[in-house]
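Reviewing the structure listed below.
Chains: A, B, C and D, in written order; residue numbering restarts at 1 for each.
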Amino acid sequence: MGNFKGHALPGCLFLLIGFWWSVKFPLKYLCRKKKHASSLGSKTGFQRIELAEGIFKAVFSLIGMTAEQFVSSGPHLKLYDYETKQWHQLMNWQHATLYLFYCISGLVDIVAHSTNVLPVALDKMMLSLAVFAEGFLLYYHIHGRSMLDFHLHQLLIVAVFGAAFCIFLEVFFRGIVVLEMLRTSLCILQGSWLWQIAFVLYPPSGSPEWNQMDHNNTMFLTVCYCWHYAFAILIMAVNYTIVSWIVRSKIKQTPTMEIGLLKTSERDQESEDEM
Amino acid sequence: MGNFKGHALPGCLFLLIGFWWSVKFPLKYLCRKKKHASSLGSKTGFQRIELAEGIFKAVFSLIGMTAEQFVSSGPHLKLYDYETKQWHQLMNWQHATLYLFYCISGLVDIVAHSTNVLPVALDKMMLSLAVFAEGFLLYYHIHGRSMLDFHLHQLLIVAVFGAAFCIFLEVFFRGIVVLEMLRTSLCILQGSWLWQIAFVLYPPSGSPEWNQMDHNNTMFLTVCYCWHYAFAILIMAVNYTIVSWIVRSKIKQTPTMEIGLLKTSERDQESEDEM
Amino acid sequence: MGNFKGHALPGCLFLLIGFWWSVKFPLKYLCRKKKHASSLGSKTGFQRIELAEGIFKAVFSLIGMTAEQFVSSGPHLKLYDYETKQWHQLMNWQHATLYLFYCISGLVDIVAHSTNVLPVALDKMMLSLAVFAEGFLLYYHIHGRSMLDFHLHQLLIVAVFGAAFCIFLEVFFRGIVVLEMLRTSLCILQGSWLWQIAFVLYPPSGSPEWNQMDHNNTMFLTVCYCWHYAFAILIMAVNYTIVSWIVRSKIKQTPTMEIGLLKTSERDQESEDEM
Amino acid sequence: MGNFKGHALPGCLFLLIGFWWSVKFPLKYLCRKKKHASSLGSKTGFQRIELAEGIFKAVFSLIGMTAEQFVSSGPHLKLYDYETKQWHQLMNWQHATLYLFYCISGLVDIVAHSTNVLPVALDKMMLSLAVFAEGFLLYYHIHGRSMLDFHLHQLLIVAVFGAAFCIFLEVFFRGIVVLEMLRTSLCILQGSWLWQIAFVLYPPSGSPEWNQMDHNNTMFLTVCYCWHYAFAILIMAVNYTIVSWIVRSKIKQTPTMEIGLLKTSERDQESEDEM
């Protein structure tokens, strides 16, 4: 993964997920608030979305694991090289492990939202553990690098552990939109920051190298990190506005009769499921 | 900002805000407790105050951002100096970034308290993020300074992160006066400590320089930090007493009929808004 | 304890406990959910189980303490060696202390679940303190070791403190199955990791020594740690599935009449006891 | 305070307070549980006790502050020695500051429990801040000491910050006996550990000096710290048993008629006061 693509690709993925969440969570919140029960905003609808997210997560991480193993430079499931007496392609094994936890999280999502056997809060707990594992692997990944490289990855870890902590809180404070939006913003931050890392460490041909030892670069990147976060907030604000405008215009069109009763029973079921 | 004024000015600002909060929060608490519904203590009144605070925050940080950019020694929106191959005036960019987050926090306050589109708890979340960003920038700001300078800023960071944590807790425990007072005290502490930093690092002409390497100075300033906090508590106690006395004397004057019903409906609305 | 058996034996114990918990907690959760009141799933049944666990914990740690003192190489209650002017067998004293806290935790369990004198939440608090004490002793245990040894024990400490924190949360969020399962997974992780430590530091005769200074080994073991955790999750998933299948098949057999009333009164009593 | 008495005296104080709490909190809990409304266990009775505690705290810390200033070797309110160009007796100023915060905490207790102007939870918040300030001063106090001295004080700080965190939690989870007992145990631990420090650093004449550089001593003291905590738990268990026995025997004697109504109104008032 020590190249431009290796940082930019997962960056794209995180950006996409963050973007999707910045649409989904406001939608969910506004629909619940407006007691709007069309197929879009209904509880069953959102459960189906959660299920789809779980399947997406599981499938995508499976592909990721396979790719890490069987790319041309990959370990092809070989862990130890007996000839050189060295571990074989540890980097790829590390990334495959990382995907493994997201895969487990996806599977838990699928089971938790398609059956009622598992406690619902388990999906958040498993996601939190997956993000924590990512941060954990990253933390021991960056040992002994040059100053700028270390600093860049350290800032990434702040976002990752922040997200893990935020999702852990969601286990206890489920469905609070403020926490969900915090998580979304940290996810977007992670994605855009991976792009930043890619550009700094592997500058595209033509542009100059960054001086790894210049303290000014470190300081600039710290400020830059904050701008990335402000950018994440901007994306979320724009999406929130659009979603809010759509939900409002939809309500005016659809009649909202005979919903009250339906909603109550749904909420009862929900609060029953929660713990 | 490496001068006396650069520390004293924001110090004044934090002192003013802290002072204002040390009046506002006791007032809010005592009015709610006494179920006193004059224009001063009514819920709508406080919502208007929150709105005003948001506007103040947004406007003031916009001014701050502009000032940091366009003062005579500022970067004038120029980020990179191609001649010296150096980042241009990073300090000012850093401070402008700091103001940017407070500005966003102000805008969120305005939208959250003037419309009912946003979840109310978002104002606290955004303020917490702004304070956290301040602490974050400060943390990477103080790298490689002399011992006394480092220690002074480290103590400042304790107050800043403490405040960020406290406001984060307020997202979940909204409207608990004890947390609000803790936040207020940390805000005053931050303000008065900025003055202390100004006096120690840039002593006014005539007074002697501080020995940056003397461990005794470090120890004295630690004790001094505690005195600043005790001073913050004193200010709050005095203001609490005055506010409490005013509220009590006002209640004796105004009749408190027909309020019960009004209050109940207000509280219902409030608890509905909260999440 | 500086040998293979000294790490493998407690490893077995933790694995056994983790395995047992991975059966017990799903069972408890599913029974409560299905309102299944056979002798297996009733509240009194589970209270008896808690009592049995307490007795097991107390007895086993007493045996452990005695063993640590009176094995042939043990201190035989002698703390200070006046001849060599040295503390006598500090390692064994340390382990005995570790068992002491688990013993206290067992005693508290017994009293809390057999009488109603103690607050129920005290069992979790004491267990949390025992696990914390384990982590605390471990933390000061690993000072000044070689890189690989240090890293291995550091990862162990992550699991131990994680479990202590998780149990501490259970004091406030009692009976939430998600937290109980997190605790279980960390317990299994600790057990299997102790086996890993045993194999790495004291390789069985025939297999080669690990290079203590190779950074690659450190990196491999970090990844390996994640695999251990994935393995713990696998065990829990298998057990959950089996338990869920048994509970479901049992419900089909037994009639579930006249339970409602009984349950309600039980729950009332429970919520009364809790605080 | 760099002598035997300087550590043993506050040690006594903490031991006394811890002992008293280990009687008070079980008594409060058991009385509330048994709905026993004699003068001993009534809510007004306990409020009077809280008030007395506040007065005791305020008076005692005032005495402490005065003593630190005006003992023969004290600073006599002189902060800076212009002759030697040195801060004058910083140690005493530090301890006086420490007492100052306990004094403020005592004053807040008095006002919060004698009037109904202040929010009740403020007493815990202020106590938490006082304990935190103690840990904070201690933390910057131990800079640059020899290994054993540093280790001893570090362990003390663990107990102090643990207590501060525990009391902070009590702000939100008020009146939960498990937290109160945790706080009590940490208070006793702090007291007995201060005695340990006194004996190790200033051994009474006749006994040998401790080798400050021996790693074995450090390890022994870590184990010893755990024994101190086990001792604290023992004291609490004994006191809990005695209190529980007394409460039970008292209930048998006094009739418990017409209390129900009274209790309900009391509880209502309590829950109203709390926030």
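The rule we apply is simple: a residue touches a chain if its C-beta (ideal position, glycine included) is under 8 Å from a C-beta of that chain, and two chains touch if they have at least 3 such contacts.
Predicted model only: the values in this text are computed from it and were never measured.
Peer 1: Chains shared as neighbours by chain C and chain D?
Peer 2: Chains that touch both chain C and chain D, as defined above, do not exist here.
Peer 1: Which chain's mean C-alpha position is the greatest distance from chain B's?
Peer 2: Relative to chain B, the chain with the farthest C-alpha centre is C.
Peer 1: Chain B and chain A are one sequence twice: same or different residues at the contact, by the over-half rule?
Peer 2: The interface of chain A with chain B is built from mostly unshared positions.
Peer 1: If you average the CA atoms of chain B and of chain C, how far apart do the two points sit, in angstrom?
Peer 2: 45
Peer 1: Starting from the mean Cα coordinates of chain B and chain D, work out the distance between those two points in Å.
Peer 2: Here the centre of chain D sits 31 Å away from the centre of chain B.
Peer 1: Hey, what residues on chain C touch two or more of the other chains?
Peer 2: none
Peer 1: Chain adjacency by touch: line, ring, star, complete or other shape?
Peer 2: Basically the chains close up into a ring.
Peer 1: Who touches whom among the chains?
Peer 2: The set of touching chain pairs is A-B, A-C, B-D, C-D.
Peer 1: If we count contacts the way the header does, which residues on chain B are in touch with chain D in the complex?
Peer 2: Residue positions touching the partner: 29-30, 173, 176-178, 181-182, 215-220, 222-223, 226-227, 229-230, 233, 240, 244.
Peer 1: List the residues on chain A that touch chain C in their complex, please.
Peer 2: Against chain C, chain A makes touches at 86-87, 90, 93-94, 97, 100-101, 104, 117-119, 121-122, 125, 129, 133, 136-137, 140-141, 143-144, 171-172, 275.
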